[in-house]
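Working notes, beginning with the structure itself.
For reference, chains read A, B and C in written order, and residue numbers begin at 1 within each chain.
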Amino acid sequence: MPSLGADMEAGTLVQWLVKPGDRIKRGDVIAVVETEKGAIEIEVFVNGIVHSFTVQEGEKVPVGTVLALIAADGEAPAVPTPPAIKPVPPIAPPPVRPVTPAAAAPPPRAEKQPAPAPGPALQPSPARLRISPLAMRVAMELGVDPAAVKGTGPGGAITRFDVEAAAKAKAAPPPTPPAAPAPAALKPARPAMMAADKQAAMRRAIAAAMARSKREIPHYYLGTRIDMSRAMAWLREENLKRSVNDRLLYSVMLLKAVALALRDFPELNGFWVDGAFKPGEGIHVGVAISLRLGGLVAPAIHDVDKKNLSEIMTGLHDLVKRVRAGVLRSSEIADATITVTSLGEQGVEHVFGVIYPPQVALVGFGKIVEQPWAQAGMVGVRPVIMASLSGDHRASDGHRGGLFLAALDRLLQEPERL
Amino acid sequence: MTPTPQAASSNHPQPAGEHSLTALRQMILIRRFEEKCAELYNAGKIHGFVHLYIGEEAIAVGVIAQLQPEDAIVATYREHGHALVRGVPATAVMAEMYGKQEGCSRGRGGSMHLFDAATRFYGGNAIVGGGLPLAVGLALADKMAGRARVTACFFGEGAVAEGEFHECLNLSALWKLPVLFCCENNLYAMGTALRRSESETDLCLKASSYEMPAWPVDGMDVEACQDAARRALTAVRGGGGPLFLEFRTYRFRAHSMFDPQLYREKQEVEEWKKRDPILTFGARLREAGLLDDNVLKSIEDDVAAEIDRSVEFAEAGTWEPVEELTRFVYSERTRP
Amino acid sequence: MSAEGAAAQTVRITYREAMRQAIREALIRDPRVFLMGEDVGRYGGCFAVSRGLLEEFGPERIRDTPLSESAFVGAGIGAAMGGMRPIVEIMTVNFSLLALDQILNNAATILHMSGGQFNIPLVIRMTTGAGRQLAAQHSHSLEGWYAHIPGIKILTPATLEDARGMLWTALEDPDPVLIFEHGGLYNTEGELAADAGAVEIDHAAVRRAGSDVSLIAYGGTLGKALRAAEELAAGGIDAEVLDLRTLRPLDTESILASVTRTHRAVIIDEGWRSGSIAAEVSARIMEGAFYELDAPVARVCSAEVPMPYPRHLEEAALPQAATVVQTVRAMVGKRD
């Protein structure tokens, strides 16, 4: 079917004006095609003999479809090749989505799929704070909880002025977290830093912390592969019982397993301060969360070992949401006793992280990949994750670190006890 | 040795013969080039709108050969023939049809927008009537700078219905600007016959009302076109102001590639084809002893080779990198 | 700054006279420059901008045209391609619509469409805006429309310096530049440096520094923004006033820098709100300074009606300093 115009996609072959066996020459009209604009005669650009028709009268075919085979003078008829252009897809009405209220659940997903990753799938909060983007940012910098600020702007919106007033009202400025953006001085007269400056400040803070880590902390690195088949099977079963909103991510199991394992390895959970190890009060797991504009923060979920999976899930959701909105509490940034970083979503298999001083350990997880797995002389395919430990050799030794990873593995083989 | 038209013409000492064979060859080049374009369009190599000049070749060949290199041309979207006769290489024209960056407009314009600074070919203008003001301005610049140049402006009879036609004829006559208006009256503005769109169908009468000489010309006769253009250019170049030529012609093909031609009778097309400018001029040359089968074959072979080269060139051409999309929205050079 | 003594010398001058001096200087400096338009010669310009120039430079360079906007704007394009540096005057922006084909389809496209071969160093001046009870066919502000078109540049001189200095820079530009002169400005009078000359046309300018809100204006609304800023200052609100000067290409950097200083923005635009240049500025603030905003961006534009004749209705339809003040007060709420 020849292309007869920029707006032609298909044509109906109305009539063949020749028949197989006919001799034709360049310029002959051999067929009539009906288009949106009317009937058009199809001319041929070769001399030869009509071999066969591949499209019959009355058929509608897309542009590019072979209509007939012509044996050009001096050649045998070729075998038709299928049209390069894919056929016009059948026209069907678009799938109708049920109309749901704005605050309702997202559309149901296929049952066996894991729950959506945190972040993009976050649901809109039912009662959004009326706060200006600038005020939100300043609140994050000053460690002010915007929910507690009274707005005086248009329509009661919270403005920068309101946030700064609330910050002043607090007795002391909040502690400065190491990797948080540079502290904002409480000088209303001074214009707030520009976005690019903020980015640069965060980058500088990360640079300082990481450089200090690599300069001061003698890292050792251990890695082990953990069979996740039991954990994932359990998670599937568990999620079937849960409503869509309450489903768990496997990363919650990892956090819980890390926290439980740490109970037996206190030397990995705490801080190296003034030349000595200081154990953490409680197991507060920092979760590394990257920011959309670059950089990262690792705020803590408190007492992870004492929380059940649902509570950790809620905590994680909340944390991600607030990281993206830029409203972290300062305690969340300063309190972490260990950091867990998971780069599986980025497709990474092995993570060997840099410890976040003054912490003394960092646990890394890659993505779950199916791998051949030999056990008891049999080879099978298992979902496997690479767990790693970056340890501060001043506070712990490789031997203990290895035992920690083994304990982590054991815990993940008994998911129902997490 | 395959005789080239030039070599063949050396058998005929009169210069008229040489010029005649050149004109014949140019008409054949346009005809074969556009037949190839139609084929390549059907094959999906050329896209967009393509308007063929087949049947009207005598006009571009007759007029443009009379222009000087420093003269300017403003043409329409049915301009392949004008570009080829003006000397834009067939390779660059074909590459432009393909949209390749080796095309005469870097592939940016396609069939409707052939541009070439080297031959002062100012498009390739696809707004009916929109090229006329450009031609008036080019001529104004020449006049103000005291240059004895002419701007030849081609347009179809459809443009006569546009306000810009009347504005420009008036302005150029008022200011006595050196424009040669070449109206290619092929009787149909797309599918609308002249008699169904104009209360006065005598186009020369319209032009005359602006106080400029206006002559009808047989657009199917290349010698008539040459003769009219030669006389008109002498007058315009002499400072007499603009001049209007109405070339009465006919396109043998549809308006564009996607046109079932519901608006005219096949019989009418067949009648006009009897006046095919290539056939009638060829017959005249044979009578004069300037053309025989051998010479014609050598012309056809030579043209076929040129077109083959142009297709090869276009096929081998390259696509402009997408990174260059925004180049030339504004100039990259600074003003001298 | 360097020539302390000379720079201190100022002259009292109107916007109209500053513009006339700019044209005169261009005619003297560059023999390729000429002025063309309706009633620019014998009448002295519809708004008297070109009065006296015909006597000084003669009818070749001060060209009265017929009422054929499309033809003489297109002729300007052609003349620019032919090596001249035309200044085309269109009486009002409403009349420019008769030449929109030439401006959009030719002036703005030919460089890109020709693959960079033909640039068009053309300047088009026209009056824009309301405030003189000229009703619905002489009063609109369509510069925002024109700013939609890539390939042309849009200047809106609001000050005496810009009226005096933008034209020469525009003539130096290799591409088409449209200058929109607000009709209400011609009679404004002030002090201008005696040696005032060409100014750059690439950047917006802060006309009043402030810290609480950015009033973003151009052309005819700059004065209103400055008056509003004075009134706001009396109430303790410190407004910055940014004069866009050039609507295409828009100086996004200066806009974002101002909003980053003040965290609030009100755009004052005599165009209709929907799809206006104000809408474009607002969108760029959202894209580039969202996290700097302490309040939603606001716009003070013309009412979405054809401009009415009676003064009270015309005033009601136009952005006014009082409206700007109200808008800012509502936006700022409690001051910081």
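Criterion: contacts are C-beta pairs under 8 Å (C-beta built on N, C-alpha and C of every residue); 3 or more make two chains touch, one makes a residue touch a chain.
Everything numeric here is computed off the predicted structure, so don't read it as measured data.
A.B. asks: Using C-alpha centroids, which chain lies at the maximum separation from chain B?
C.D. replies: Computed centres place A farthest from chain B.
A.B. asks: Report the most central chain, judged by the distance from each chain's C-alpha mean to the global C-alpha mean.
C.D. replies: C
A.B. asks: Select, from A-C and B-C, the pair of chains that is joined by more C-beta pairs in contact.
C.D. replies: Result: the pair with more contacts is B-C.
A.B. asks: Indicate the whole-number Å distance between the mean C-alpha point of chain A and the mean C-alpha point of chain B.
C.D. replies: Using C-alpha averages as centres, the distance is 59 Å.
A.B. asks: Could you grab the centroid distance between chain A and chain C? Build each centroid from C-alpha atoms only and quote it in angstrom.
C.D. replies: 47
A.B. asks: Centroid from C-alpha atoms only, then distance chain B to chain C, rounded to Å. What do you get?
C.D. replies: 42
A.B. asks: Okay, in this complex, where on chain B does chain C touch?
C.D. replies: Of all residues in chain B, those touching chain C are 72, 74, 101, 103-109, 113, 115-117, 122-125, 127, 130, 132-142, 144-145, 151, 163-164, 167-168, 170-171, 174, 327-335.
A.B. asks: Show me the residue ranges of chain C that touch chain B in the complex, using the header's touch definition.
C.D. replies: 34, 60, 65-66, 68, 70-84, 86, 101-102, 105-106, 110-119, 121, 150-151, 153, 172-175
A.B. asks: Which bits of chain A are touching chain B when the two form their complex?
C.D. replies: So the residues of chain A touching chain B come out as 2-8, 35, 37-40, 43, 45, 63-64.
A.B. asks: Which residues of chain A touch chain C in the complex?
C.D. replies: Of all residues in chain A, those touching chain C are 132-137, 152-154, 157, 159-162, 164, 188, 191-192, 194-195.
A.B. asks: So in the complex, the part of chain B that touches chain A is made up of which residues?
C.D. replies: Interface residues on the chain B side: 38-39, 41-44, 47-49, 256-260, 262.
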